[in-house]
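Chains here go by letter, A, B, C, D, E, F, G, H, I, J, K and L, matching the order in which they are written, and residues are numbered from 1 within each.
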Amino acid sequence: MIEQVYKQIEITGSSRKGVQDAIEHAISRASKTIHQIRWFQVTDTRGYIEEAKIAYWQVTLKIGFSVDDPGA
Amino acid sequence: MIEQVYKQIEITGSSRKGVQDAIEHAISRASKTIHQIRWFQVTDTRGYIEEAKIAYWQVTLKIGFSVDDPGA
Amino acid sequence: MIEQVYKQIEITGSSRKGVQDAIEHAISRASKTIHQIRWFQVTDTRGYIEEAKIAYWQVTLKIGFSVDDPGA
Amino acid sequence: MIEQVYKQIEITGSSRKGVQDAIEHAISRASKTIHQIRWFQVTDTRGYIEEAKIAYWQVTLKIGFSVDDPGA
Amino acid sequence: MIEQVYKQIEITGSSRKGVQDAIEHAISRASKTIHQIRWFQVTDTRGYIEEAKIAYWQVTLKIGFSVDDPGA
Amino acid sequence: MIEQVYKQIEITGSSRKGVQDAIEHAISRASKTIHQIRWFQVTDTRGYIEEAKIAYWQVTLKIGFSVDDPGA
Amino acid sequence: MIEQVYKQIEITGSSRKGVQDAIEHAISRASKTIHQIRWFQVTDTRGYIEEAKIAYWQVTLKIGFSVDDPGA
Amino acid sequence: MIEQVYKQIEITGSSRKGVQDAIEHAISRASKTIHQIRWFQVTDTRGYIEEAKIAYWQVTLKIGFSVDDPGA
Amino acid sequence: MIEQVYKQIEITGSSRKGVQDAIEHAISRASKTIHQIRWFQVTDTRGYIEEAKIAYWQVTLKIGFSVDDPGA
Amino acid sequence: MIEQVYKQIEITGSSRKGVQDAIEHAISRASKTIHQIRWFQVTDTRGYIEEAKIAYWQVTLKIGFSVDDPGA
Amino acid sequence: MIEQVYKQIEITGSSRKGVQDAIEHAISRASKTIHQIRWFQVTDTRGYIEEAKIAYWQVTLKIGFSVDDPGA
Amino acid sequence: MIEQVYKQIEITGSSRKGVQDAIEHAISRASKTIHQIRWFQVTDTRGYIEEAKIAYWQVTLKIGFSVDDPGA
């Protein structure tokens, strides 16, 4: 772990169900091109309202991964 | 959307169940007097403890809505 | 309540299930030695990834309790 | 308390005497139209100088109250 | 000025032209219902892009006014 | 002073009289178990309202003391 | 919009004319390789001085775009 | 007022009596060399403890004044 | 540049025209006494309203210059 | 690691030599009573001057450790 | 320099020796794929402890480079 | 110490060697005109890169000194 250099990027995922599902959606999509994601930190939690109900949730994450990952 | 002017206010909702329920409670109550809420952002998440258990959750939101809403 | 002096400390709990379970785990463990926890505030929400999935969640809380608590 | 939804607003009060008097002035004025103020938090403390003396103090507060209050 | 109590609110204005026009639009709209606006502070400057060009600007302001204003 | 290692903790004191009295109350109570408090920094000033009057003040402090203090 | 995952990056543009021109320059350059930029947020505004005059302006932006954009 | 350019500096005053006295001490001392101080903003409030009592208070202020003041 | 030590100060300029003019006014005035200003950073943008119109703009800048400048 | 609950505390170490030595001093002292320190984060770096030279450095750290540590 | 558009990214380097070595390690690794790095800013300094000693240091940097760099 | 009023200013020093040398350079230069510097606090640590190596370090400090110092 000491030889590693990590990079952090910021992504935003959405979900009609809730916060946890929006996070999982964002991680799942980012993992398609970045293979060595190690951690995330929630930096913003929002929602959009339609007709007085929460239409979808939107969660912004900082994710960290090794820069030796070829998809980074 | 470009002609609109929005106003943001801060509200706090509570729930015995959890974070998501507290947010839905706050949005539902605010929608009684403000008809055009468009989005919210979570700004604080707290809980109150009774006898070593979480008695209720309390979530503070910034909500945004059109100032042309007659209930604003 | 006015005569009370409170102390706040920062703790971090984990869970394979999600944010709410990690918070409950942290409160439950802290309550073993601190008997008069009154409230908590979420200050950081993170997760660790293994093989493109969330392996566990990690939530940091500020918790407040009376300094007259003998376990504090 | 759990069924309540709270709203927070920001107000600024002034006084020739000092910080505490400026806060009491602001709370007193706000209470004329908002009947169920529960708490306040000081967010800014300023003063204005005339001829090398403090002419008046100006304190900004975030105040919280129930949205069921008819004057809110 | 010392007898006055001020209230601050947060509003967002938009413009196809630029930052200054978005601010003027927000102040102009807010002045229809709030007669004694004294100052504003810019808290956020954003823009939305369509086909690689800035479609419109969106500026968020904190505005301050006397609570004795009947339109507040 | 150079050989010393200090610890900082966060405490909250209350008072019906005002900010200064709430701080003195918190320092006095903390000094019963921590003998070598050296300084404090005010991090939050709040108040609770009952019937449109300030019922009590609540001030949060970060306090610093030597870790060689047996009561720390 | 709900199925989308967004990425945010930070860029800095410059201009001899002013803030708005520096922003347009940055967006225009970023759009060469990122095709689906949706929004930006200004995070820093600076200027460099030569012989007591502003030689050029430098504006830093956070920009958001879909991660399905092949140029991202 | 529009033609004026202001400068802000940061100073710290102390007092054995309390916060307000420490502020007045700082303003009084600064006024000896800066003749056109217009306002101040409190940025930090601290105290130093000796034998479990507050020995002195220390308040840090940002103060603003006209740069046309010959003593600035 | 490596041998240089820089000092940063905070100034505020005003203008009836707009943000850019207020900045240029502040830089121009500061350059009368400080000859080697190198850069500035905008830290606050405000405006004052008279009769529902922006009477003047007020922009606060952090400016940096060499301490070898005799006018610093 | 998932079953663990961590606690974070803030400590300050000093050194006549420099930043790194002050950190090592603080960790070494804290380890006498807390056996399972896992990580630290630097939150403040200061120094004290005597006769125009740095007399000693003072570094504040947040340190994290398991609450199952009997010395915590 | 005025025609350039810069991009900022966040990376984290580690070292058993200390802060400066961790920064040099991160810059060295990033330079393999990004050829025109111009500056960095330290945003976080941490360390990990094993058996009461600092096992390795971890420093997070924001680095800036020209977007015309083919390796960016 | 209680009768003293302190002033804080912000300076930036550079060095080809590292952080500590840049700080010592800044303190040494500031001490030529300010005789009673008491403390400093690091507020920013940066570096500039040339050909993939750190060409020089740049550290910004807040320094505090007595306003009774004739060189202040």
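The working rule: contacts are C-beta pairs under 8 Å (C-beta built on N, C-alpha and C of every residue); 3 or more make two chains touch, one makes a residue touch a chain.
Bear in mind that the values here come from a model prediction, so they are computed numbers and not experimental data.
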| item | value |
| --- | --- |
| Centroid comparison with chain G (C-alpha atoms), farthest chain | F |
| Repeated interface matching J-K, over half of the contact pairs identical, chosen among H-I, E-I or D-E | E-I |
| Same vs different contact residues, chain D with chain E, by half of numbers used | different |
| Approximate Å spacing (C-alpha centroids) for the pair chain H, chain J | 32 |
| Interchain centroid distance [CA atoms averaged], chain D/chain H, Å | 23 |
| Where chain G touches two or more other chains, by residue | 9, 19 |
| Touch-based graph of the chains, sorted into line, ring, star, complete or other | other |
| Touching pairs - complete list by chain label | A-B, A-C, A-G, A-K, B-C, B-D, B-E, C-F, C-J, D-E, D-F, D-H, E-G, E-I, F-H, F-J, G-I, G-K, H-I, H-L, I-L, J-K, J-L, K-L |
| Residue numbers on chain B that touch chain A, as the complex places them | 19-20, 23-24, 27-28, 31, 35, 37-42, 63 |
| Chain H-facing residues of chain D, complex | 18-19, 44-49, 52-54 |
| Chain H-touching residues of chain I, taken from the complex the two chains share | 9-16, 25-26, 29-30, 33, 55-56, 60 |
| For the chain H and chain I complex, residues of the former touching the latter | 1-9, 64, 67 |
